[in-house]
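As structure tokens, the structure follows; a few thoughts come after it.
Chain lettering (A, B, C, D and E) follows the sequence in which the chains are written, and residue indices restart at 1 in each chain.
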Amino acid sequence: MREQVQIEFPNLSLVVPELIVLVTAFTLFTLHLIHKRVNHALFTTVSITGYLISLLYILLNPGLSGSTFYGLYIRDPVSSLLQAVALVLTMLLLAFTYNYYKAKRSLYGEFYYILAFCLLGGMFLTSSYNLIILYVALEVVSISFYIMISLLRGDFLSKEGAFKYLILGGLSIAIASYGAGFMYLYSGSLDLRYILSHIGEDKRLLILGLVFFLFGFAIKIGAVPFHFWLPDAYQGAPTPITGYMASFGKIAFFAPLLRIMPLVQSHFENAWVYTISIIAALTMLYGNLVALVQKDVKRMLAYSSIAHSGYIMSAIAVAKVIGLKAALYFLVAYAFMGIGSFLVLTVLERLPDWQNRLEDFSGMRFWNPSVASYFAVFMFALLGVPPTVGFVGKALVFMSLSEKQLWWLAFVMILSTAISTGYYLRLVVLTFMKEGTQESILRPSLSERFLLGLLSVLVVLLGALPLLIWPYISVAAEVLFKGW
Amino acid sequence: MDSLLINLAVILIKIVVILAIVLGVGAYLTLVERKVAAHIQRRPGPMVVGWHGLLQPLADGLKLITKEDLFPRYGNKFLYNLALIMALVPATLVFAVVPFGPEFEVFGIKIKPILTDVNVGLLLVFALGSMAVYGIALAGWASNSKYALIGSMRKAGIVVSYEVVITFAVLGPIILAGSLSTYEIVQKQIEQKLWYVWLQPLAFVLYMFSMLAETGRVPFDVQEAEAELVTGFTVEYGGMKFGLFPLVEWYVEVLSLSAIAVVLFFGGWSPINIPFVGFVDPLFFLGPLSPYVWFLLKVTLLFLFVLWLHWTLPRYRIDQIAETAWKIMLPLTFVNLAATAVFAPIVWR
Amino acid sequence: MEKVYATFPYLSISMLIPLIGALVLLKLKETYSKWIALTFSALTFGLSLIVLLNFDFSDTSRVQFYEEYNILPELNIKFSLGLDGLSLLMYMLTTLVSLTAIMWSIRDVQVQRRLKEYYLWFLLTESFLVAVFSSWDLIVFYVFYELVLVPMFFVIGIWGYKLRLYSAYKFFIYIFVSSLFLLLGIVSLAVEHKKQFGTYSFSYFDLMKNHYDLYFGIFLFLLFFIAFAVKTPIVPFHTWLPDAHGEAPTAGSVVLAAILLKMGTYALLRFNVGLFPEVTKLLSPYLVLWGIATTVFASWFTISQNNIKRFVAYSSVSHMGFVVTGMFLLNLSGMKASVTEMFAHGLTSSALFMMAGFIYNRLHTFNMEYLKGSVKFMPLFAVLVVITGFSSMGLPGGSSFWGKFLTIVGAREWSTVWALLVVTGAFFSAIYILYMLKTLYLDTKEESRLIHFTDIRGFKLAAFLSVVLLMPVVGLFPSLIFGFFDHVVKKILLLVGGSP
Amino acid sequence: MKMIPLEAYLVVSVLLMGLGLLGMIARRNLVTVLMSTELALNAVNILFVGADAHLKLVDGQIFALFVIALAAAEAAVGLGIIIAIFRLRKVDSTDEITDMRG
Amino acid sequence: MEYLGLLVFFFIMLGLALVLISLNYLLGPKTPDPMEDYPYECGVPLYDKSAQNTFHQGYYLLGLMLLLFDIEAAFLFPWAVVYKNLGFLGFTEMVIFILILTYGLLYAWRTGALDWQFEEERID
């Protein structure tokens, strides 16, 4: 039996960002309970204020690191970085949701605090090695997603997508926690660091557990061949939520994988490299190939999100520091590109006869030049044209693959990028080179235009001057790899 | 091997005792109820069969047994019968964790007058209690009658609501005792020289309300509601099957929940309590039997209290019942819980 | 290699001027855009002349005007610009041809709408191209190498002719995909540098110190080669070129042919030969043969075209064959020939595309059947075309002469058979130019339809003259051109171990 | 006192997991599919509790407690979605909710 | 071993229940009548073949509430048992927990899930 643990007071200064988000969530909740009619401006303001304070706390305390709650909770540069990005994404999202939901006649006050809880779950997912915390955080994020997907009044697709996600998400969580069970059975501990550093002779149970665990996460991040839910869920979800799932969801679900990667390399390096790289190869090829034949742009971008999971996974397959850096950078990069492209769709969907079909985009340059150019920037970024973030991400992935001499994977990546050229360019061509008309005039609000512009500038700027973000990523990866 | 056999023997004896109490006494409680009801309404009640109708339950039983076995068309036969089992078995099993008295020694074998003294006794009670919902819901669903379905759904709704209340209500005594074992809770009360009802009057009241609701006693007997729903979910049951439902609901469950209430709030087998000072036992002359008598006495009193309510009060409306549970009782349980957490250290000292 | 740091950031400024021009363009009215573009590209050209005058020709192999800005210290990525003789030549060509292209566009019928965007893309192209030719950091080179695609993609796709969308796709996909191999190669070099020296580096000077195993070297060489072979293009990879050049608006074709193709050959010389000398030496015979094959095949393809623009486009391919052949001969004459041919082709191809565009402006067709004798009635234009044609053909005194002649000389140093093969290539290329000139002058058809054409004049004439006048200069005073890159080429040859 | 061997827990757990997965794949009724996920989560619980019995620890039971709670939350959301699906269109089979394909 | 008694008891009760169920079949008369198994409908001819469609969806909500609150209670039970040893921190944590529960309850209250007469619009 374990000896009695002495009760200690947790070092709360490490969890202040989470606490602020939590308080924000409850403030929103309280407001919703008090007010009979939901005041969306107030809700948005409160949420953004909370997130902003939380973000500022992270930014102003860059050296914050340590562990608290008996080692259940870790704050290190990785968690700070990913949390900051997650907070930025959430704030961005909030600027777009009101108009969208208003147009869809689905204004729910619940949305705001479910979003906050989702964010909270994601923040915890980025900062723990403990299986229980990971499990709970995973469930919190997933359940919030299920709800947010289905929050579209009278829309069957959204319910269908939510249900499919629910089933596959439930499956993935069950499988991941089943793996956690085997790992626990093997080692008697729920801490991944302990589990993966005390490895005995007979590793079968551990391998079984690890495989199940990763299998679960593979479903969550939509890796082929476990991706079935993803396109449906993405297509069915309200478009801003789709963007949020693509960007924030990726960060949240990839974070544990990033944490595991340095731990497995001492004992399972070969197995890790082979399995992950094969899955990565399949993922990017499949995602891009299927995206190529899509007629629905939202679905196409969903498949492109699958493909990007593949790129990130091929960086993770390289169990080295540079791979970790590449994966982190790509995660952040995709977060911005992904949410940007979906937010453009969000704005466009306010048009009355808009159905996200390819032909709807033709001639967008004429009826909405600014949105069209932002869209083009995002497309080029997703494609990986320099000097956008997408390019730097791909270059870093190439670099890590080259370091590990995984040439075949690099070639698969080139091939799949080649395939992806087809559909990203098609959108650019439609927007800029085809003539097309749109009877109803699109009037994005000033803040929407400004933020989309800002986002596209950011996408270019972070790629052109990676120094703006690189130090954080570099430190994060090194800390994660070497331990502190 | 020997010990196993002895164990089994002891277990069997205990089971027989429990069954005797539950089913035998349970059957006779019908008569008690009818008599009490009659006297409350100032009439004699059954007087024909036997002295003051003393054989009436036997006659009733014979009548029920010899009815034809009917089954409504388009129903689901398996679920129809399963419902009965789901109602009867868990309700009776609750008695397995009821401690009737202190530990004693016969022929060198230490025996606790409790069938299974496990450290999660109370959880078991609530687990088994929740099963009752299945019986009710299935009964209504399987018999393919609108009245039955509506009745069973109402009843299930109420049970569901009060299940939550009762769960939260018992947390107070648990905090004070620091245990989930029924036997230990009683012992703690004796050690602390305190019936928890003194510190937990609110919890006790809530518990009693929930008990009435769960057992379908007045004022919460909407599922029966003879006037609107005939007899609710039992409408398509006949013969002994029909007899079993009230037996389970009105007698077995009331008895078992009363017993648990006694365990939680009235110190089980302990005599009358003066808070923090000690116990006064007017029945000292019974010697070692006195705890059992005390226990049975308390249970009986509670049972009679329920009967008294049943035949005195009018019936609430279904929405009133359900909303009371969620809007008044549940918040009160929270309050009680918090309050208990605050003053619990006084009890532990 | 030595680096001479700049006293004044000429190169960044000449990169920035077009960018500023682009910004100004965005803010002003559409009607002004052509003049703004013209002004800023003229400014750039002026600045490039100043650079030329300040360049120290005593040792052109030194990298002069060198500037360096750290982008990512951890990976040693530096935004480093600088010019040696070779880059200077390309830089001059860039500024010149960009100016030409913009001058030409001012009166082009194909460019009548969305002028703002049009000139924006051209100014951006100019800026990026300056960076491509002057950057000494491989990743920065790559960034701009690929970035040039975007404006050209839009130019082809929006202002092109009938098949413009198809061509734009094809252009982008071919070059983008092939350059991904280049990216892989570049980062592999950096990783290799880390393995050998302990730090990542993308700097050309650092990477020159790397040593590779033979097979790994060949692998890396091929990664680079694929990208540049598609860009150059060498024959099996050339299929994007006729479409892109054929469907682009005239100015687009001019920039594409005159400068973008040079990016490929310039990079081949600088990176493939410069960074992998051993591998180059090993593979050079095959590459020479490949180059000759490119010339021959491309010449055949050329003759079989009846669209004059595609005709000119294919002729570019055959010229690039000469460039590749000369480069991989790995001797002084070959190298000189190669670089001279690059410059010369920059001049002649832009002139030829302008010719095609001019004829289209008059006749609204590219079909050579309908162009028979069309030049007859425009005397000034005819003269210019003849000069261009003969220059391109390699007639002595024409700009391409030294390229072709020295290639043959260089090939003779290897063996007579090769020299004969090169001569065959030159022969074929002469044939198609002659065929073209014959069609335009000597054939006659429906003359009455052609009589009232006005001759070339104004901005178009200026544009035409700006390149045509340089052709005889190159042809008659080759040492002017050789002076740019003599030392560079010798240095490279020293690396390779060929005969200087 | 004889302990229940670890293998027994494992067998039950694997069986439950298998049934859960099978249910998710093979069954068509929405509620059944949802219940199958719960079954799979219960397999996890049994595994953890078995591991605890084997290792003489309690951490696994804590995990099991969280699994129970969150499985309930998931089931609640799932039921809500199923009801919403049913209200929008009277379907109760996974075969009928295939508006999105490709 | 403690559960042995429960197990034996369970089987005995199961047997007893089966016996009680089959008593009528064994002892009762068998006089078949075409209308004897006709569902009770106050004498009116049957309108629906199946009565199970009358099931009100609102009951789901109650089920969900039970599920959630009872499950939360599962966290409270262990806490209550060891509360003695937890001290002030344990108290604070549980107050927060109960606060959150209260929020849940208030939310359900606010959205009308606690009202017996469910409005159609509430549940989507």
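As a convention for this text, a contact is a pair of C-beta atoms (placed from the backbone, for glycine too) under 8 Å apart; a residue touches a chain by one contact, two chains touch by 3 or more.
Values in this document were obtained by computation on a predicted structure and should not be read as measured data.
Colleague: How short can a path of touching chains from chain C to chain E be, counted in steps?
Modeller: 2
Colleague: Under the document's definition of touching, what chains do chain A and chain D have as common neighbours?
Modeller: Expected: E.
Colleague: On a CA-centroid basis, which chain has its centre farthest from chain B's?
Modeller: So the chain farthest away from chain B turns out to be C.
Colleague: Of the chains shown, whose Cα mean is nearest the mean of all protein Cα atoms?
Modeller: A
Colleague: Averaging each chain's C-alpha atoms to get its centre, pick out the one most distant from chain D.
Modeller: Result for the farthest chain: C.
Colleague: Could you grab the centroid distance between chain D and chain E? Build each centroid from C-alpha atoms only and quote it in angstrom.
Modeller: Averaging C-alpha atoms per chain gives centres 20 Å apart.
Colleague: Where the CA atoms of chain A average out and where those of chain C average out, how many Å apart are those spots?
Modeller: Comparing mean C-alpha positions, chain C is 43 Å from chain A.
Colleague: If you average the CA atoms of chain A and of chain E, how many Å lie between those two points?
Modeller: From the centre of chain A to the centre of chain E is 39 Å.
Colleague: CA centre of chain B versus CA centre of chain C: separation in Å?
Modeller: That gives a centre separation of 95 Å.
Colleague: Where in chain D do residues touch two or more other chains at once?
Modeller: Counting only residues that touch two or more other chains, chain D contributes 73, 80, 84.
Colleague: For chain B, jot down the residues that touch at least 2 other chains.
Modeller: Within chain B, no residue contacts more than one other chain.
Colleague: Two or more other chains in contact with one residue: find those residues in chain E.
Modeller: 1, 63, 124
Colleague: Output every touching chain pair, sorted by label.
Modeller: A-C, A-D, A-E, B-E, D-E
Colleague: What residues of chain A sit close enough to touch chain D in their complex?
Modeller: 1-2, 131-132, 135-136, 139, 142-143, 146-147, 150, 154, 156-157, 159-164, 166-167, 170-171, 173-175, 177-178, 180-182, 184-185, 188-190, 231-232, 235-236, 290, 293-296, 299
Colleague: Taking the touch rule as given, give the residues of chain E at its contact with chain A in the complex, in rising order.
Modeller: My answer: residues 86-87, 89-90, 103, 106-107, 110, 124.
Colleague: What residues on chain A touch chain C, complex-wise?
Modeller: Interface residues on the chain A side: 380, 383, 385-387, 391, 394-395, 398-399, 401-403, 407, 410, 414, 417-418, 421-422, 425, 429, 432-434, 465-467, 470, 474.
Colleague: Can you check the complex and tell me which residues of chain C touch chain A?
Modeller: It is residues 70-74, 139, 142-144, 146-147, 149-150, 153-154, 157-158, 164-165, 168-169, 172-173, 176-177, 180-181, 183-184, 187-188, 190-191, 219 of chain C that touch chain A.
Colleague: For chain E, which residues count as touching chain D in their complex?
Modeller: For this pair, the touching residues of chain E are 1, 57, 60, 63-64, 67-68, 71-72, 74-75, 78, 123-124.
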